[in-house]
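Scrolling down, you'll hit the structures one after another.
Okay, so subunit A shows up in both of these, paired with subunit B first and subunit C after.
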Partner chain A sequence: MTAGMARNGDGVAVPATRRTSLWQTALAKFARDRAGLVGLTVVALYLLVAIGVWFGWWATEWADITGAKWAPVSAQHWFGTNIIGQDIFQRGLYSTATAFEVGLVVAVLVVVLGGLLGATSGFLAGSWVDEIVLWTMGVVDAVPFYLMVAAIAFALADYPYAMHVAMISTFWTTTGRFVRGEVIKLRGLEFVEAARALGVGQAAIVLRHVLPNTLHILLVQMTLCFVDAIKAEVVLSFLGLGVKDGMSWGLMISESTLEFLAGHFNNLVAASLLMFGLVYAFNMFADALQDALDPKRVA
Partner chain B sequence: MQPWHRRLFFLRSIGGVSLACAVALAGGCGSGVAEGPGRPTLPGPKTFHHSFEQAPASLDPVQATNIYANHVVVNAYDTLFAYKYLARPYQLKPNLAEDWPEISPDLLTYRIRLKRGVRFQDDPCFPGGRGRELVAEDFVYSLKRQFDPQNRPQGGWFWQGRIVGIDAWKSAGSDYAQDIPGLRALDSHTLEIRLTRPYPQLLDTFAQGYSAVVPHEAVACYGRELGTHPVGSGPFKVVAYDTARVVFERHPGYRQEPVDLAAEGYDPVKQRYTGVERIAGRSPPFVDRLIIDFANDDASRWNSFTKGDEVQLSALPPERAEAVLASLNPVRLQPEYAEKYQAYSGPEAGFVFEVFNFDFPDFGYHPDPARERRNKALRCAIIKAFDWEARNASWYFGLATVFPGVIVPVVPEFDPALSRASVTRDVDGARRLLRDNGWTAANLPVLVYGQSAGVKQRMFYEQFRAELKQIGWPPEKVVLKQFATFGDLSRAWKESRLPIVAKGWGLDYPDAENTLQLFYGPNGSPGSNDANWHNVEFDRLYEQAAVMLPSPERTALYRRMNQLVIDDCVGMTGLARNRIYLWHRNVVAMPDREIVGGFWLKYVDVLPPGQSARPEGLGATG
Partner chain C sequence: MDVLQFALRKLLAGVPLLVGVTLLSFTLMVYFGPDKTYELLGKNSTAAQIAEVRHELGYDRPFFVRYAEYLRELATLDFGHSDSTGAKVSTLLARSIPVSLALELPGFVLGNLLGLALALTAAFHRGRWPDKLIMGVAVVGMSVSFLIVIFAFQIWFCTSHGLNWFPVRGWSAAGPLDYLAHIAVPTLATVFVALGYNTRFYRAVIVEEMGRDHVRTARAFGTPPLRLLWRNILKNCAIPIVTRVMFTIPSIVIGGALLIETAFGIPGVGRVTYEAIISGDQPVLKAVVGLTASLFVLTLLVTDILYRAVDPRVSLQ
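Presenting the complex of A and B:
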């Protein structure tokens, strides 16, 4: 028998089928999605920019006054300067790091919180724990997002992470609901029954057997949440409820309101373009990831 | 009138109006404001439409804390004195007062006669709805209201400790039936005011909205609602008021006083282009309806102004300066704007400044004298790092006047020859000062920079932080603290919670004393001395000058005090803004919002659309 060949029940040689996991299939599917790859590449570029900012490789003069008021686009100032002479390009780059910082922190914590609460709620569906989690989700969802954020920002006064807290405390419910539904489906499957039969504790079943099987949902939710967090940060910063220290695209757009009447749009254009690029690329990436990880499509 | 007569007068009046008020409150008292949001519905009346960036919180004179409130108050009510329409520098003139007062040789007693025949506006609060004659007792009553805590008054500080017995009257429970020895109506049209010590600015205080004359019938009738329903004797009657706009109509019973341009300080060379000669010999007010919109957004006000059929006067937003102005100095409009508008550029009667709070041991007073010396070096270094010219360019067209000290350019005591070292940027000098006094990036204190919420305020902070970075101050040690509202920020100043106070001050009267009192020790928080600076020599000179009439000797004292503020590096000061007003060509006006603000509105006239107030051959800026 030649390599890679096997015999079927009738003794006929057929090509051997290598057993591949769902993850490998999803990866292969993602690798064939050109739009997804382009999105991932662009996101990676933005991430590189953010890393450079964090390590102080570039955009170190974002807060300095390096030029004249409203200096035009030039080799020295690629996007010109703002009303007090700060370089808009450097501020735009610096804001990329802010976007990633907000996006990552919020997305990770939302997935952790939503995943844990959703899994617990789903696994104990019908119990009083489930009731409490569902009631909490209902209450949180009933409050308009920006009202909730304003209330939290006000309550936390000068706390620099007030915006993060606000987003996490409102975004987790969506992830929680998805995970709850998936866990309700999983908890009746054989591997869970087997774990129970072997005497594994409930917490261990949830953490070691059930939650890992919701990872595809969590990954997709994380990417979606990342984008939502960036967009929300921009809006909140524009409204004065967002970034307290540092710079963000929302603050740049907010600054541009001082410049419209004078016919200067560099702040607006720079912040909008940079934000559009990242959000669009992340959406392409998230769509591709969703397609790749969808169990029905993968199957 | 004898005291018992006055008591009777007061009680009878209260009783007399109570029935009228009961009826009026049921459906009559509020009828004057029943027009809803105040949209002009009549097509005919001659209307002047103005706008402001903020709405006054109350129209009650006892709470006329800012120019927005004063613009309404001095037009709905009357004050004993007023500022001349056209005179610059500002000059006082009798208004309700018949003439200048008789003043005793010791400068402690003022006798003021009121004009006869001045009537309050018709209102349901009066018996029969017809406004009665204004008498001296009304002024006494109105000033007492500033010392009645129930009214939440804001202006009592003008007269506190100055008028004989007024503080005791307040301490005794603010009983209106009780007399104040230093504030008396000698007869129906004569007032006598006795002072505890000479008060050269007394007459200026009687031009403030705080001192406007209120009829007690209106207070009895409307109570707190007086803040939305003014009843005065001014040229206009408020017919609608809310947070979006105030609408006035001409007071038909306003006294006939033909305009004497020369007496108003008219300067034909500088002011003829405004067309104000058209109002000579005529009695104001000249428009039937006056509307003031309150819109916080510059762009909205500007759009409404340039649209042509709404707001007729606007301050030029700094962002539009490049597009609208052909020349900054002197101010000239681009031809297309000069075709349609008139313009005036004038200096602010006030200034913006930033002071250190000496209550903070990191910057101000310290128990250790050596550290206190180092703190002074720290303050002086920050002052050297501060770039006033950059602020002027960024925020004030580059037209503002940067000046050393706290005596502003519009007052006669201003010293143009004073050294400008304290307002000239010197980065090397600042670095040297820090180094020589042992300040390094590691031991520099954290500086909390308080501002109200807003993008412009945030940019002020960024500018400040960038300037400090240039002298070696780590940016992370300059922290922004934003307050949700200006009121919150103001409270933080009053409670001495911020190490640096950045604010603007508009003069209450054209006298340097009004800005020097911002540094007088006893005025510390919650008073007006936000720096909480206490300098023995300054305080002594202030007290000495406070009882002096204008003279070269007093000017010398003022200037010495000014120098003390500069020498002790109390703060970054200062900058006087230059405002640029634009108005439609068919409007006859000389706009102004300085000092008290608002006295000019009764002189505004509006010509039919298409006509121009500007005489042939003159430019849009004179």
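Presenting the complex of A and C:
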């Protein structure tokens, strides 16, 4: 009997049809967005580079000294070499993988954390749970980002993922606020009422009926967060709070400060261009995604 | 009277937030912060000596006693002496905050005014080429890392590899020309990076406001464009704009421009903070973190009260 009612409950959640149509319109709209498609293609190319690094197809000699100090651009060293003779091209490629690792880990966990906390507080808006979540968001937002990261880096001593933890614990509030707002709108709608009337538990309503309807927000927040994480990594690595082992564009730029006053710009230019390409492409992709998913957004 | 009551109620509501930020900065910076015990001890110290030093540093006292001590420090602005330089933290801040303000205010004002101007231009030509050009460049600006902009401008304007017009490092405000020479490149970099974000934000706000019924009605009644812009559009955009401007203030006053000041060797709060981060100078860090966060909460409250001043639609209740 209960099982039958639950199935009915799912059937009653009519927005299923509306949801597919939203995604279909979004897909059609996105397919017409030339800038967005170019952005997506470039991001895919970068991802391919990163996958190659993870599987050890290329950039395997990024840490080796393969040439003279500050060797010029040549067929062997496409972007020249750095201050101790390491190949800048290989280091740049290797850093692409680091960027994706940082971006993906942070973006996914931020969306999970922000989505769950935002949905919970929105669904229980006005209760003490909501108050606590709102208070936490306010507190986290009040501490400036770099100071927060420095503080977390100290508190976690030499934990290699201190940077990830810091980014996740500061970035989630934006997603949380968006999701909270949307859930407050959703929780008054008929399909939620229907689910409740059929005796679906609160957690199940939030997870199965409400959260899936905020997917468009989560997707957009994920792309924005990915970009923020990559950009923050550069600054944090420069400050000595970022990537601990391995190589990243931030570390390359930080390394280049020893070089460019002597007139060697290869490291700086390579890291800057590689990073700019990915961030710019991702920004275009994120823009197109927002246009496609938000019918109310004014382009 | 109403406004006073409203302000008092808001202040009261800010207390939990203030407790939260001080508790957070205390927990991270002081409780789990750098441990100085072994720096003060010689080699092969006995357990008794360790306990004695820990007692002197106050590490053996309970969490809430130490938190109360931190609150007292915040309230009296007395954070003791810097670990690395030995100077009083309050003196250090009093010396560096004016430098940061002098450095950042021009860029902050310019970045917002230019952003607003560009956003208005884009919004009024919505969908046509000026809009597309401005927004296209804005995305480019948003995609460049601040750090790269700083280095690129520094190489371009301040070294013999480029134009070499301005001093590459240092700070002096002896005369107006001296001052301008030192803030020119940092300001350019700040404006360049802020412009992309500001323009996009302001354009979104303005476009939304321009699409409202009352604007269309006012236009239909023949309201002159400038009057329409001021009375019907800009005034209604005041809340998001005031919020954005207000919320940047705490990080400007105390956070300082960490990257700018470090790269250009300017002795502002940002550089003091950077050096404290690098050397683990806890008295300085706990002061900067605690003060910035507290100032942020106060700004939040003031903004709430300001809303009432700029927007009669916000109720006092």
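In this text, the second predicted complex is superposed on the first by the 274 of 299 C-alpha atoms of A that agree within 3 Å, B and C clash if a C-alpha of one lies under 4 Å from a C-alpha of the other, contacts with A are read in each partner's own complex, and residues count from 1 in each chain.
Quick note on the criterion: contacts are C-beta pairs under 8 Å (C-beta built on N, C-alpha and C of every residue); 3 or more make two chains touch, one makes a residue touch a chain.
On a predicted model such as this, the values are computed, not experimentally measured, just so you know.
Subunit A has more of its residues touched by C than by the other of subunit B and subunit C. Judged by the touch definition given at the top, the superposed model places A:86 against subunit B, while subunit C stays out of reach. By the touch criterion defined above, A:69 reaches subunit B but does not reach subunit C.
Contacts of A:43 after superposition on the shared chain: neither subunit B nor subunit C is touched. When the two structures are aligned on the shared chain, A:154 is found in touch with subunit B and with subunit C.
Legend: residue contacts after superposition of the two complexes on their common chain; A:109 is shown touching neither subunit B nor subunit C.
By the touch criterion defined above, A:240 lies against subunit B and subunit C together after alignment on the C-alpha atoms of chain A. In the superposition on chain A, contact is made by A:260 with both subunit B and subunit C. Once the two complexes are overlaid on the shared chain, A:251 sits against subunit B while remaining clear of subunit C. Of the two partner chains, subunit C is the only one touched by A:268; subunit B is not. On subunit A, the surface patch touched by subunit B in one complex and by subunit C in the other comprises residues 154, 240, 257, 260-261, 263. For subunit A in complex with subunit B, the touching residues are 63-65, 69, 82-86, 154, 158, 240, 244-245, 251, 254-255, 257-263.
If you check the complex, the residues on subunit A that touch subunit C are 135-136, 138-144, 146-148, 150-152, 154-155, 231, 234-235, 238-241, 250, 253, 256-257, 260-261, 263, 265, 268, 272, 275-276, 279-280, 283-284, 287, 298. Within the complex, the subunit B residues that touch subunit A are 298-299, 302, 317, 319-323, 390, 393-395, 453-456, 458-459, 462-463, 465-467, 469, 475, 479-482, 484.
Of all the residues in subunit C, the ones that touch subunit A in their complex are 16-17, 20-21, 23-25, 27-29, 32-34, 139-140, 142-148, 151-152, 155, 159, 161, 204, 207-208, 211, 250-251, 255, 258-259, 273-274, 277-278, 280, 285, 288-289, 292-293, 296-297, 300.
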